[in-house]
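In the two assemblies presented below, chain A is common to both, partnered first by chain B and then by chain C.
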Partner chain A sequence: MEAPPVSVLPITGGTINMMEYLLQGSVLDQALESLLHRLRGLCDNMEPETFADHELVYLLKGQQGNPFLLRARRSLSHPTVPWHLRYLGQPEVGDKSRHALVRNCVDVATSHSLPDFLNEMGFRMDHEFVAKGHIFRRGVLKVVVSKLSRILVPGNTENTEPLSLSYLVELSVLAPAGQDTMSEDMRSFAEQLKPLVHLEKIDPKRHM
Partner chain B sequence: MQQREEKLLEASVESLISRVAHLKNALHSFIYKLENEYERLTWPSVLDNFALLSGQLNTINKLLRNEKTPSFRQQVIIPLLLSPDRDEELAKLTEQRVPVFSHEIVPDHLRTKPDPEVEEQEKQLSAEAARIGPEVAQKQIQTLNKLCSNLLEKLNNPRDDRDAESAAIRQNKPSFNTADTNALVAAVGFGKGLSKCRPPGPVAPGHPGQGPMMSGGPTLQQVTIGGGSGQQQGMGPGAPQQQGQGKCQATSRQTSRLPPQCILTTDKILYPILIKYSG
Partner chain C sequence: MSGSGPAVRVSIESSCEKQVQEVSLDGMETYVPPLSMSQNLAKLAQRIDFGQGSDSDEEGVETEPRDPQEWGKQEPEEDEVKFQPSLWPWDSVRNNLRSSLTEMCVLYDVLSVVKEKKYMALDPVSQDPSTPQVFQLISKKKSLATAAQLLLKGADKLSKSVAENQENRRQRDFNSELLRLRSQWKLRKVGDKILGDLSYRSAGSLFPHAGTFEVIKNTDIDLDKKLPEDYCPLNVQIPSDLEGSAYIKVSIQKQAPDIGDLGTVSLFRRQPKAKAGTQPWHVKLEAAQNVLLCKEIFAQLSREAVQIKSQIPHIVVKNQIISQPFPGLQLSISLCHSTGEKKNQRASPEKPKPDDHLYVLEHNLHQLMREFHKQTLSSIVMPHPASAPFGHKRQRMAGPMAYDKAEISNLQQNEGLLEKIIKQAKHIFLRSRSIQLQLNIGVEQIRVVHRDGRVITLSHQEQELQDFLLSQMSQHQVHAVQQLAKVMGWHVLSFSNHVGLGSVESIGNASAITVASSNGEYAISVRNGPESGCKVLVQFPRSQSKELPKSDVIQDGKWNHLRGPYKEVHWSKMEGRNFVYKMELLMAALTPCP
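So, the complex of A and B:
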């Protein structure tokens, strides 16, 4: 993704635990235009930003069978921009009443030798996909509307086919741990996008 | 009797004059705003001005329709004295708009018939009305009344009815598909349908199914920077447990859920090593 929010992680020690609050939904291709119009009106006034990213997901298999996942992302539209490495923890099973999915999130920018490095570390690439779409911001809220495409020939990002006839819509906020006010703001923003999109907290484990 | 009528006439004329003065002031300020504060004007304030004007016109209409108001049509105004000289009183009364009460201004100001163009149009319209005949006219009146009442009904009905209708219309064109949402979330979450080993299609077992490929052994390993040069020996594919060289200190930790501290140390590794790699 363009300009990823990099949490400040001093090398010397001590970190800020960043949490990602997430709401997801989807919109059919034919309704995309109306959604973009609405987002353009609701979100901060800036040039509409499009992005084209190639994401590779690396796995380090553990003994228990619960592997350690890292996501490496590079921009297809800006090939010289650094890669982005992200770790997402398990969703916090806190209160059921919390409106958004909360999980620990660590973001780092890396050099272009990331895939080789991860391979050397023992990670294996599990899957990859291409995401193309638009990104909007409203204060700290970030809305990403993206079309996911499957890569048919591994490594070849030209040859792709869309995964479905819909665009994935994600509303996310990165905040330090302990700030629970975010989910309320996210919910009220999500209300404004109804009935075009239903943004909700979707537990990925349910669809395994 | 006549005195009462005169008094009534005077009173109604006075109130009419004051109402018209209000209307004039409102128009004046509106025009001023339009001409001078053009950039700062917002549509709601323009609407407010129009609403004000419409309200004032309404009050004037009500006043004229009032039973106590004598019929002005029956009154006749006759100019008694016309002079080409400037009349100061008149000028003051009319705010310098009519300085002279002369032959030129009288036809315009004391006019009782409409403008010639308006008269023409009215004649045409009445000719047209006479032409179509009473039955057709009646039918047209009825259709117009029906349309107006339909519209009024729609506008006055409570919101729920409208929402139900519009929801029904929108049902035909849903803008999202829940199955697609789930598929996309699963794809982004853990690569359902994206795994390169399998043909395209939803994958049921997910990652744990690939576990058996590993021949067991130490699990996630944390490599601390302190030991040695921090350089990784080449690890063969799919066999991270072969670390015979032992130049690095390895501590294995068995956890089902990786606590954040692991990432922090991994992160500590990534940064300096990446700098080495890129450098």
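So, the complex of A and C:
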């Protein structure tokens, strides 16, 4: 059955429109220890938290335009915790002086039947990967240091191979739309992490 | 010399060593072959100076007188070749031999003369006596001692100067002070300024105040003058709104204050003196941190006071929050912040009542706020999977598990800071009203500490505790009558905790009290026992009792005002919720209207 035509409407909900502010960078495997050490000092004083997640990316191919993309993520280390469904909009092309990538973000916690549900809705899984690493927080700032691995056999998360010899570092904040003070805080935090890692605004469009 | 003594044969042998021409690779030496006879002749012939013919007679004459020594080796040449004496190869040998012969002869002569001892005598050379060991030791010791002293003096000087430097450094050095500051406070360098963070942000607070302070070098010292005792090379500059010191005053008052008095709480308690060893910057920073925490607590409380709906609304005025936990009881929480300037410290109109301020609740407020801070740092907030937003684990379950409104509201932090404090204030108030008994429940026994200091140990038998509590209750009721009498204006005529009259109680003792009304007309006697219950009797004036027979003895009418017989009160039928209410009603009924 052909997928019904999908017109991509802007996501509006009954709740506040949340925006995600993002800065990304990477470090080589050898530099991981020093980066973790630095982050432990700069971030909130908590026990270091590791995570292991499995992310599936679903696409809904409409007849026109870009396909609609949804990300479903589950925790491998905490199997009973709900799945997390995420929609990320296009990056806002506001003023160039904004230091972080800003895009619309919708986060939903779902039950474990999410993949089946998405399949029924007409989504098809495009690719999946496993991410393992560490997560830190500083107030509302979230720093995720993750190693992405390719899944060799679809559905089998044990058999993976790393995609690269480096770790992806992401600094993100979730804030309601209109609050632009976040990017300044993010920039000053990113300054403190130099020269271990250079966090910058990476436009996904330009790399596709 | 020549001719004296026997001739001595001197044997001379040429070394006859052949010259090495070459050494082959295997070590064999190849010698230069000696000259053959003809070659030798040719060599010798070359030496002859044929230009000198018979003119060399003189030289020939000189060679004639041969030494008495004979040549051992005969040269193969028989021909007498005229040797040039200067070219004679044995010349040096002969001269050396001659000189040695001369020496030997002289020695022999000297020895023979000395042997006679007549003209020459041998005298031994005077030996210097070898310096005794001890002397050597002493001299060495002295020299070492001098050297050691010099070195010690130098080392002493060096160590003294180092110690002096350190002393100075410790007191004066900006960098060492900075190091000490850094060991206790968070510092970071921004440009050429040193900033610090004194907020509780890193401990989990979400208060938006930045709490940054600046570290500056104290350069107003005069090196010529002596440094003051409390000189510190480092100074901190704290934000202007955190200056001074603050505390949160929690107090319970019985009556509501006037409207005009609201928000004017400015009572101030004196700052505690800083410990001798602490640095001035530490005191300053700690005070500022305390002010920040008090501000955060007050902000949280006032936010809750405005948002939370309760039966009696809370009043928030300036720096004071007033709420009513019980009717007639008022709880006031105020933020007292003094900037420490002289002009603010004028004497407050009312004397500060020290027991008005509930320090326990103030402390609890601080603890609760810190507890809240810790909660934001707990790992239950960390998201799994990592892309999920921060938030409590259970809240994330609300979607998938389809919670309804009631369940979601249960999930929320049910009690805010304000409600908790109000609950605690209520508890304190109730506690101060009730019997002062303290039960220490141990492993084997229960220890009860009474208000008046008695300590009673009870065993594990529950009956014992029960009996004890019953006896306490009965005593308490009698005490309540005593208090009530004070309030109502009745006089206590007699009071006994352990009466010796009446039936013997199986548990404890009965207590009794007799109170008389203010005009003396009525009296109430109460006997309360744990087992026998409560017995209340009222004594009426003689004029009101009908049973009294008229007597001839009592003539005067004034005697009728005295109290007469007793009548028992049906206490169970008495109106009133509890003993105290009933007693109050009774007393009120018996108090005549003016």
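Going forward, the second predicted complex is superposed on the first by the 194 of 208 C-alpha atoms of A that agree within 3 Å, B and C clash if a C-alpha of one lies under 4 Å from a C-alpha of the other, contacts with A are read in each partner's own complex, and residues count from 1 in each chain.
By our rule, a contact is a pair of C-beta atoms (placed from the backbone, for glycine too) under 8 Å apart; a residue touches a chain by one contact, two chains touch by 3 or more.
In this text the structure is predicted, and so the values were computed from the model without any measurement.
Bringing the complexes onto one copy of chain A puts chain B in a clash with chain C. Residue contacts after overlaying the shared chain place A:126 against chain B, while chain C stays out of touching range. Contacts of A:27 after superposition on the shared chain: chain B is touched, whereas chain C is not.
When the two complexes are overlaid on their common chain A, residue A:46 makes contact with chain C while staying clear of chain B.
The partner that reaches more residues of chain A, of the two candidates chain B and chain C, is B.
Contacts of A:137 after superposition on the shared chain: chain C is touched, whereas chain B is not.
Judged by the touch definition given at the top, the superposed model places A:93 against neither chain B nor chain C.
After overlaying the two complexes on the shared chain, residue contacts for A:168 are found with chain B alone; chain C is out of touch. Look at A:111: by the touch rule set out above, it reaches both chain B and chain C.
The superposed model built on chain A shows that, among 166-174, 202-210 or 382-390, the segment of chain C colliding with chain B is 166-174.
Common to the chain B and chain C interfaces on chain A are residues 108, 110-112.
Those residues of chain C whose C-beta lies close enough to touch chain A in the complex are 201-204, 206, 377-379, 381-390, 393, 396-401.
Listing the residues of chain A that touch chain C in their complex gives 44-47, 49, 51, 53, 55, 71, 73-75, 77-78, 81-84, 86, 107-112, 131, 133, 135, 137, 139-140, 142, 144, 146, 174.
Taken in their complex, chain B has these residues touching chain A: 170, 173-178, 180-196, 200, 206-208, 210-211, 213-214, 216-220, 232, 234-235, 237-238, 240, 254, 256-258, 260, 263-264, 267-268, 270-274, 277-278. By the touch criterion given at the top, residues 9, 11, 15, 17, 24-28, 30-31, 34-35, 57, 59-69, 85, 87, 89-90, 104, 106, 108, 110-114, 117, 119-122, 124-129, 148, 150-152, 154, 161, 163-166, 168, 195-198, 202, 204, 207-208 of chain A touch chain B in their complex.
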